[in-house]
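One chain, subunit A, appears in both complexes that follow, with subunit B as partner in the first and subunit C in the second.
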Partner chain A sequence: MTRFAAGDRVRVLALHKDGHVRIPYYIRHRTGQVTQYCGTYLNPEDLAVGHTSGPAVDLYRVAFAQTQLWPDDGIPSQDTLVIEIYDHWLAPEKDSDDAP
Partner chain B sequence: MMPHDHDHGEHEALIIEDEAGNIEAKIVVDALQQVLAQKGLLTAHEVTAAIAKLESPGLHLGAQIIAKAWTDLDYKARLMSDGRAAVQELDIPVTEARIIVVENTPRVHNLITCTLCSCYPRSILGQPPSWYISKAYRARSVREPRAVLKEFGLDLSLDMKLVVHDSNADMRYLVLPEPPSDLANHTRLELEAMISRDHLIGVARDVT
Partner chain C sequence: MQNDKGTKGYHDVGGDAAGDIPMVELPWLHWEKQVEAIRGLLGDGTRRIVSLDEVRRGFESFGLDKYNTLSFYRRRLEAMTDILIEKGIVTRAELDAAIKDTTARWSTLDDTP
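Moving on to the complex of A and B:
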C-alpha cells in the first residue's frame, strides 16, 4: 500500500539534506497533484555514499501548475511541470501547513 | 581582469585544460586506464568495445519506436502503458529502469529536460546533444519553456497545454509526436526518416 495515489494533492518538503539530493530547490514547498506511482527505487541519497542495500523508496510523478512555480506574468494557466519525487519528500497537502 | 564578486565554482566548467591543452578529466582517466591495464584488469579492446556500445544507440532506434507506434495502434497502447517492455519488443536493449512515453496531441505539447544533470534515454537515443546538458537549457526549460521553444523555432499557441517533464530521478522519457497528416501515404521507413531527435525531446513538434 503506497502513501499516495494518482489524484492526491501533495506538498514537497524542504528537508535541508546535504549531499546528493535529487529534489531541486525550485520544487520545494510547492503543492501539486500526484499523476503516477512509479514503483520503488533505491534512494539516490544513499547510493551516492555507497549504501546500495536499501531500503527502496516509493517514487511518484507529481504535476504542478507552472503559474504556481514562477512569478512571471503571462504563463498560460494550463501549463504544467511534472517531476519525480521520492516518498520521504512528500506530505499530504492538507496536513502540511507547518511542514518544513 | 574584470573584478569578480562571486565564487568561481559558480561558472560552468565544461572543459578544463592545462597549458598543454590536456583536459583535466582526460588526464585522470588516462592515468587510471594505464594503471588498470598494467595490472591486467583492463585491455584497450575492452575500452573501445565499451565506447562502441555507448555510441551504437541513436535516433534511428527512437524513430523505429515512433513509426511503429504510428502504424500499429496495439503497439502504441503497449508503448504508452509500459514503455520499457514495448521498446524491448523491437530488440532494443533498454538499460533504464522505466521508459515513460508522453504523447503530443492537437492540444498538448510535451518537453523533456533534466534540470539536475543530463538524464536522457541513452540506451535508446545514445548521448544527448550538448545543448541538452548546458546549464542554460536545464534552467530555462523549466523557468521559461515557451521562450526556449521559440528559440528552437517552435511558437506554441497560447491555448496549447505545455507539459515540461523534469527527469530528475529514475524515469526516462520519450515524446511521441503527432503523426504527419499524410501518414497513410508513407512507408514505415519513410516515416522513420522524418523523425528527428528534437521531436523526441520536444523542442520540435510537427513531423512533415
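Moving on to the complex of A and C:
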C-alpha cells in the first residue's frame, strides 16, 4: 500500500540532508499533484555512500505548475513540470504546516 | 524557518540565471563513451561496485573550483576514480603505473610514420 496515488495533492519537504540528494532546491516547499506511482527503488541517498542493501523506497511522478516555479510572466498557466520524487520527500498538501 | 529550503549544492543550478545557452552540438568522444561503458559495468545490478549516485556524490564533493574546470565526462571519470581508490579496489600507485604504461604505449604509436 503506497502513501499516495495519482491525483493526490502533495508538498515537497525540505529535509536539510547533507550529501547527495535527488530533490533539487527549486522544488522544495512546492505543491503539486501525483501523476503516477513509479515503483520502489533503492534510495540514492544510501547508494551515494555505498549502501546497496536497501530498503527500497517508493518513487512518484509529480506535476507542478510552471507558473509556481519560475518568475517569468509569459508561462502558459497549463504548463507543468513533471519530476520524480521519493516518498520521504513528500507530505500530503493538507497536512503541511510549513507553507512558505 | 518558513523559507528555508535546506542545502543547495553548487551543482544544483536549476532556476539560476545562466545567461545565453550555447546551442552547439558537441561530439561524443570515444574516451567519453569508454568512461560511460566502464561506469555502466561498475554500477550494474550484478556488480554494484560503484553506483551512479556514488559518482554524483563524488563530483558534488569536488568543491566549486574543481567542478567548474572539468567537463561532464571528466567529472564522472575523476569521481569514479576517487571512489575506486576510496574503496580500495585500485590504489593510486596502481593507477599511476597503468597511466604511465599506457601513455608510453601511445607515445610509441605516435612516433610510427
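Methods note: the second predicted complex is superposed on the first by the 98 of 100 C-alpha atoms of A that agree within 3 Å, B and C clash if a C-alpha of one lies under 4 Å from a C-alpha of the other, contacts with A are read in each partner's own complex, and residues count from 1 in each chain.
Everything below uses one rule, namely that a contact is a pair of C-beta atoms (placed from the backbone, for glycine too) under 8 Å apart; a residue touches a chain by one contact, two chains touch by 3 or more.
Note that the coordinates shown come from a computational prediction; the quantities given were computed from them, not determined experimentally.
Residue contacts after overlaying the shared chain place A:L15 against subunit C, while subunit B stays out of touching range. Touch criterion met: A:P24 reaches subunit B and subunit C at once.
With both structures placed on the common chain, the touch criterion links A:Y86 to subunit B but leaves subunit C unconnected. Residue contacts after overlaying the shared chain place A:T52 against subunit C, while subunit B stays out of touching range. By the touch criterion defined above, A:D72 lies against subunit B but remains apart from subunit C after alignment on the C-alpha atoms of chain A.
Of the two partner chains placed around the shared chain by superposition, subunit B and subunit C are both touched by A:P44. Residues 22, 24, 26-27, 44, 69-70 of subunit A lie in contact with subunit B in one complex and with subunit C in the other. Within the complex formed with subunit A, the residues of subunit C that make contact are 2-8, 12, 14-15, 48, 51-54, 56-57, 60, 87. Residues of subunit A touching subunit C in their complex: 14-22, 24-29, 44-45, 47-50, 52, 69-70, 98-100. Within the complex formed with subunit B, the subunit A residues making contact are 22-24, 26-27, 36, 38-39, 41, 44, 59, 61, 63, 66, 69-70, 72, 76, 78-86.
By the touch criterion stated above, subunit B contacts subunit A in their complex at residues 97-98, 100, 115-116, 142-146, 158-171.
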